[in-house]
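Each chain gets a letter, A, B, C, D, E and F, in the order it is written, and its residues are counted from 1.
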Amino acid sequence: MLASMNNLWLETGLNQMAFGQFAMILIGLLLLFLAVNKKFEPLLLVPIGFGGILANVPGAGLAYSAVENAVFLGGDAVRAQLAELLQVTNWDSAKALLAAYDRAAPSVQEVVNRLAAQAGFSNGILYNFYLVAIASGAAPLIIFMGVGAMTDFGPLLANPRTLFLGAAAQFGIFATVLGAVGLSAAGVMDFSIADAAAIGIIGGADGPTAIYVSSILAPDLLGAIAVAAYSYMALVPLIQPPIMRWLTTEEERKIGMVQLREVSRREKIVFPLVLLILVALVLPDAAPLLGMFCFGNVMRECGVVERLSSTAQNALINITTIFLGLSVGSKLASDKFLDPKTLGILLLGIIAFAIGTAMGVLMAKLMNLVSKQKINPLIGSAGVSAVPMAARVSNKMGLEADPHNFLLMHAMGPNVAGVIGSAVAAGVMISIVSNLG
Amino acid sequence: MQNELISQGINLMLLGMGVVFVFLTLLVFATSFMSALVMRYFPEPHPEPPVKAPPISSATTQPDARLLNILKAAVEEHRSKHNQR
Amino acid sequence: MLASMNNLWLETGLNQMAFGQFAMILIGLLLLFLAVNKKFEPLLLVPIGFGGILANVPGAGLAYSAVENAVFLGGDAVRAQLAELLQVTNWDSAKALLAAYDRAAPSVQEVVNRLAAQAGFSNGILYNFYLVAIASGAAPLIIFMGVGAMTDFGPLLANPRTLFLGAAAQFGIFATVLGAVGLSAAGVMDFSIADAAAIGIIGGADGPTAIYVSSILAPDLLGAIAVAAYSYMALVPLIQPPIMRWLTTEEERKIGMVQLREVSRREKIVFPLVLLILVALVLPDAAPLLGMFCFGNVMRECGVVERLSSTAQNALINITTIFLGLSVGSKLASDKFLDPKTLGILLLGIIAFAIGTAMGVLMAKLMNLVSKQKINPLIGSAGVSAVPMAARVSNKMGLEADPHNFLLMHAMGPNVAGVIGSAVAAGVMISIVSNLG
Amino acid sequence: MQNELISQGINLMLLGMGVVFVFLTLLVFATSFMSALVMRYFPEPHPEPPVKAPPISSATTQPDARLLNILKAAVEEHRSKHNQR
Amino acid sequence: MLASMNNLWLETGLNQMAFGQFAMILIGLLLLFLAVNKKFEPLLLVPIGFGGILANVPGAGLAYSAVENAVFLGGDAVRAQLAELLQVTNWDSAKALLAAYDRAAPSVQEVVNRLAAQAGFSNGILYNFYLVAIASGAAPLIIFMGVGAMTDFGPLLANPRTLFLGAAAQFGIFATVLGAVGLSAAGVMDFSIADAAAIGIIGGADGPTAIYVSSILAPDLLGAIAVAAYSYMALVPLIQPPIMRWLTTEEERKIGMVQLREVSRREKIVFPLVLLILVALVLPDAAPLLGMFCFGNVMRECGVVERLSSTAQNALINITTIFLGLSVGSKLASDKFLDPKTLGILLLGIIAFAIGTAMGVLMAKLMNLVSKQKINPLIGSAGVSAVPMAARVSNKMGLEADPHNFLLMHAMGPNVAGVIGSAVAAGVMISIVSNLG
Amino acid sequence: MQNELISQGINLMLLGMGVVFVFLTLLVFATSFMSALVMRYFPEPHPEPPVKAPPISSATTQPDARLLNILKAAVEEHRSKHNQR
C-alpha cells in the first residue's frame, strides 16, 4: 500500500515536471489565448496549442513512441535490459539509449519494440496521430485538396498576369533560406541546408505546404515552423501595411483597376488540368501538393460531384484539421521547441514575410513600367498567399487611399497565385535538397 | 564546410526562384492560350448567372416573397442532400 | 467438380457452425432486439450486436487475424507447416498452435505471418477495424473528444460542490473491484487484478471509458464489459429508482434547490484548461481520456472553431461510433463470451451500478449534514454519469415527490462530474495495475 | 497468492477512492477560485443572451415574423457554412 | 550549380516521360471528360481518372512503394546496393530487382525497405491510400455499407419472386468467366482462373463488389476492371435497350403489373437479418460484402440510429469514395493498363453486361410461362443491378410501349436483387478460386 | 494445362450459378415466410404515413402555410441536429 502510494506519487506530474515541460504548457496556453482572444488562425492554433499542452503532460508520454516511453518512463530494470540489447554502457542517459536505437539494425529494433510492449509501454496517442496524419504525408495533402475545393480561380483566370506577382512574392522563401545558411555559416545557429529550406517555406505563408515540407526535410523543426507560419499568417494585417505604404506612393495606391471579365465554367474546369499537366511535365516533385490541390479544384468546378466536393470542404477537411493540429502539437516537446533554433525560426519567418510582401509590391511596380495596363501595386503583397487575409489587406489599403477603389477581387488573383507559387517552390526545394543529401 | 553551405544556399535560391518564375511564366502562357481556345471554340451555350437569383417579380407587394424563394431553395437543397444516392 | 462441390459444402456455415457460434448469433440478435425495440443505447448496441453476429459467422473469420484464420480454417498441409515452424507436435489443437505463436520470437512470428498470407489468409475486416479503432486507443478517445464537445459544464460551474457527488458515485467502481477479487479468492471465478479493475470500471457508467480501460487491462473481457456497461446504462431508469427511494425520505425528495446562477462564457472556456492542468500536475495517467475530453470542450466553448466543434459532435463521432461498435462486436467471439466469467461480469456490473447510485445519494445526505445550503439527495444518483439518463431519472423522481421541483439542471452538475470522476478512476487504476504487473 | 490478490484489491480501492476524492476536491477549489477570479477581474463586457432571441417587436400583428427571423438565421448559418474558408 | 540544374532537368517529367505514361495521362483525361461531360458515373470516374493521371506523373512515383521508387528513381549507387542485397546480377533491370524483392525472405525485405528509406525514398501517397483503402478490404466494404443504408428493400419484399430475375442476370458473370478461360485456352490472352473470375464480376454491374473481388483475386487487373465496370454501368442506357427490344414482343412490353403492396417497417427491419443469417448458414465467403450491406440496411430501417445511418449515407461514403477512387486510379499505371489484357477485359465486360441483361429478360419470360401472375419482362434486365440506372431503363422502355405503364418500382425489386446476387456470386468465386489456388 | 483451365472455368460456372440460384431461392422462401409471419403475428400497430405530411387545414387561404410547415420542420431538424447528444 505504501509502496503503491509512493509509486503513485512518483508518477504524479508535480514530481516529474521538468522546467521545460512547464514552460511548454505555458506556451500552449499562450497559443490558445492568441487563437481564442486574438483570432490568430484559430482553426489550426487551437488544436496545435492544445496538442502542445497534451504533449508536455509530464509522465504521460502522449507524444512519444513505445520505445521512447520505455526509455523515459521505464524503471531501472527495463532500462538495463534496453541498454544490454542496444549495447550501451551508460544506460542512465535516455539520449544515448535513443541514439543507439536509431542506429541499431532492424532486427534489434524489433526486439527492442517487443520488449517495450512487454513492459507495458505503448505509443502515445498523439504519436499515433502524428504517424498517420503527418509522417504518411496524408493530412497536409488532404487539407490541400480541401483548399483546392474551396478555391475560385476565376479572378486569376480573368487576369493571368497576376501569376507573376505570386511568383515574385516567393522570393521571401529563398531569401530566408539564404539567411538561415548565413546564420549557420556565422556560427550563430546550426541549421543544415534541409533545415534552411524548411524554415524558408514559412515565407510561403501557406500552412499545409509548410507542414508538408518540414515533415520531409526537418521533422524536428516542424512544431516551431508550423507555429511560426500560422502565427505570422494571422499577423499579416500588422506586418504588411507598413511595408506596402513605404514602397508605394499615394498615386500608385489610388490606381483603379478595370472590372474583371467573367470567366466561363469551362475555363475553370480546364485550368486545374492545365496546371496539373504542366506540373507533370516540368516539376514532378510538386505533384503531390499541386496534384491534390488540382483534384480538389476539379471536384469543385466540374459540377457533377457536388457530394464529394462538399465533403472535401467540410467533414473531411475538418476531421483532418483536428488531427493535423494535434499532431503538430505533438512536436512541441520541450527539448525540441525550447532551443535557440526556435528563436532563429521565428526571426527568419517574419523576415520571410516582409521580403515576400516587398517583392510582390515591387514586381507590380515593375510590371507597370513595361505594360500599359496598370496594376495597383497594393495587390502585389497578396502574392504571399495567406488566403484570404492578404487580399483583404490589399483591399483595405486601397479603400484608405480612395474610398471607391475596391481591390478585393483583383487581389484574389495574386493571392491564389501565391498558393501555386509556394507549392512550386516547395517542390523545387524538396527536389534539390534530397539530391544534395 | 561553411562555404559549401552558403554556396548550397545560393544555389537553392537562384535555382528555386528561377524554376518558380519559369513555371509560372509557362502557366501564364498556357492559361492564356487555354482561355483563348475555350472562348473561341467552346463558348458556353448560355453563360450561367453568377448566383441563382430568385425571380423578383412581385417583390414590392409581398416583401417576404424573395426570402421565401431563398428559403425554398435552402429547403430543397436540404432535402436533396438527404435523398441523393 | 465433385471435389469443388464437396469443398463448398465443407465451407458452408451449416457444416462448420459450432454450438457456441450459433448461441452468439442469437445473443447478437438479442442485443439488436433490445437496441431497436427497447431503445437500449441503440447508437452503440446496434453496431455491437451486428458486429457480434458477423464475428460469429462460421468459416468467415471476420474477427480473426490472418494467422488465426490460417490455424482455424487452414487445411492439414497449412497447419502442418505452421506446427513445424512453431515447433508444436500436436498440430490438431488450434489452441496449442496459437499459444506457441504468441510465445514465438518476432522473426518466427513474421515467417508465420508470411506463410499465412501465402496460403491465402488475411486479417478479417473486423479484426482490422479493431486494430485501428481500439487497439490503437484512438476510437474511445475520439468519442470522448466528441462527448466533450457536447458537454455543457455550466451547471457544474454554477455549483462546483456537486463534484463531490460525482466522486462518491465512483465508489461503485472500486467496491466492484473488491467483489471481483473476492470471487477470485473464493475460487468461484478466475479474475486477475487487471481483470478486476476492468470489470469495476463498468460502475463508471461511461462507455468510452470502460472500453478504453478494458482494451488496456483486459482485452479478452472487452466484449462482455462493453455490453454490460451499455446495457446497464440503458437500464438506469429501472436500476436507480428503488435504491433512491429506499435511501431517501419523502421530505428529502421534496427539497427544492435554488436557481443556478448564470455562468459566463469565459468561465466555461477556462474550466477545461483548469481541469487539464490539474490532470497534468496530479494524474498523468488520466491525461489521454481527460485531455481529449477537455479538448472537445474547449472547441465547443471557445467560439472560434465552430466548424471543428460541429464536426467533432457529428460526422466524426458518428463515424467513430460505427467502427467502435463493430470492433467491440468483434470481441464477442463465442470462446471469449460464452464463459462463466461473463456471468460474473454481468453480476458485478449491476452491483457496481447499485453501489455507485447509493453512494451518490448518501454523499448528498452527508453534505446536507455539514452544509446549510441543502442539496436534494435525488441528484446524488446522477453522479454515476450515464449522461443524460441518470439526470433525467433524478428529475423524474423529483417531480413525483413535488410537481414543481425541477431537478434536471441541478442533476446535470453531478452527471458531468461523474464523467470526470470515472476518467480519474480509470487513470488511477491503469497507473496502479500497470505498476503491479 | 489469493491473499495477495485481495490485498491488491483493497489497496486499489483505498488508493483509488482516495485519489478520486483528492482530485475532485482540488478541482472544486480550483474551479471556485477560477470562477471568482474571472467574475471579479474578467467580467464579460455584455453577457450574451442564452439563445439568439429574435427581436419580438411586432410579433402580434405578424405571426410569422418570429419564425421568419429564425429561418433567416438558419439560412444564413447554412450559407456561411458553405462559404467559409 | 550546373550539376544541380542538370539534376533538376533529369528530374523534369519531360525527360522521364515514357510513352506509356503519356498515353495513360490521356486516358485519365478521357475518363474525366466522360465523367464530366457525359455524366459517366462521375462520383467514381472523376477520382479514378484523376488518380490515374497522378499515378502517371513521371518521376513522382505517387503510386509506388518506397522500394519501387528506389528501384525506379534511385541512382546507380542505390540500385547497386539493392542488387547486392537481393543477389541480382543485372541491376539495370528494374523488373529483375522487383521480382527478386518479391521472392526474398522477410528479413531481407526489411533491410531493403530500410535502405530505401535511408536513401530518401518513401511510399507514394496514392500507394498509401491504396494500402489503407483497398488492400485492407475496408473501402469497398464501407461503401457497400453506405449503399445498404441507401437501399429500400420495399419493392423486393412486396414481390420476392423478383429475386429470381436478380439470380438469372448473374449468368453474365459466369459466362464471361468461361469466355476469359476460353481466350486463354485459345492462346489469345493469358488469364489465370483467378483473373477470369475477377473479370467476370464486371458482369455483376456493381462497382464495390467488382473492386473487392479483384483486389483479392487479381490486384494487377483492378484498374482495368474497375474502369470497365463503372464505364459499362454508365452505358447501361445504351447497352440494354436493343437487347431488351430484341428479346421481347410489343405485347410483352405492354404487360401491366399490379400495384405493389405496402411493406411494413418490421418486415424491412427483419429482412436484412434473414439475409445475413442465410449467408452465415450457407455462404460464409459472402459474409464481408453482404454483412456490411445488411448492417447498413439495418441502420437505415431500424429507426433508432438515424445519426449513424445518415453519416453512413453521406460523410462516410463520400470520404471513402474519394480515397477509393484515387486508389483505383493508382492502379492505372501504364505497365499494367497498356496491355492487351485490358482490351480483353473491356471486350469481355461488355459481353457480360449483354448476357446478364438477356438472361434477366429471358428468366422473366420463363416465369411467365409457369406462373399466372404475369411479369413484364422489361424489368428482368434490371437484375444486373447498376442501381438505379437499369431500373430507369426498364421504366423508360415500359413507357415507350404504353405511356401508362410505370415499371420503376417493379424494376427496383430485381435491381436490388441483382446487388445481392452479384455479392453471392462474388462469395462463391472467392471461395472456389482460393481452394483451387 | 489449357484443358484444366477450361474445366475449371466450367466448374466455376456450373457451381457458381447453382449456388446463386439455390441461395436466392432459399431467400425467396425465407423472405416470404418472414413476411407472412410478421404480417400475421406482428402487424404494425399504426402503419406510419409515407412522408410526414404537414396538416393542410387552411391551405387555401394562406398559400404559404404549407411551405412554412415544411420550413418549420427543417429548422427543427437543424436544431435537433445541433442539440442531440
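Note that contacts are C-beta pairs under 8 Å (C-beta built on N, C-alpha and C of every residue); 3 or more make two chains touch, one makes a residue touch a chain.
Nothing here was measured: the structure is a model prediction, and the numbers come from that model.
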So the chain most remote from chain B by C-alpha centre is C
Quick one: which chain's Cα centre is the longest way from chain D's?
E
When the C-alpha atoms of chain D and chain F are each averaged to a single point, how far apart are the two points in Å?
39
Between chain B and chain E, tell me the centre distance in angstrom, where each centre is the average of that chain's C-alpha atoms.
32
Please work out the Cα centroid separation of chain E and chain F, and write it as a whole number of Å.
24
Centre distance in Å when chain A and chain C are each reduced to the mean of their C-alpha atoms
37
Identify all positions of chain B at which a residue touches two or more other chains, and write them in rising order.
10-11, 15, 19, 64, 71, 74, 78
Residues of chain E whose C-beta touches two or more other chains:
4, 8, 107, 282-283, 307, 310, 314-315, 428, 432, 436
Chain A contacts chain E in the complex at 106-107, 136-138, 141, 145, 269, 273, 276-277, 279-285, 287-288, 291-292, 294-295, 298-299, 302-305, 307-308, 310-312, 315-316, 428, 431-432, 434-437
Residue set of chain A touching chain C in the complex reads 4, 7-8, 11-14, 16-17, 25, 29, 32, 35-36, 39, 42-43, 46-47, 50, 53-54, 56-60, 62, 107, 110-111, 114, 120, 122-125, 128-129, 314-315, 318-319, 321-322, 326
Where on chain D does chain C make contact in their complex?
2-3, 5-6, 8-13, 15-17, 19-28, 30-32, 34-35, 38-39, 42-44, 47-48, 50, 81, 84
Which of the residues in chain E come into contact with chain F in the complex?
156-157, 160-161, 163-164, 166-167, 170-171, 173-175, 177-178, 180-182, 184-185, 187, 192-193, 196-197, 262-267, 270-271, 274-275, 278, 282-283, 307, 417, 420-421, 424-425, 428-429, 432-433, 436
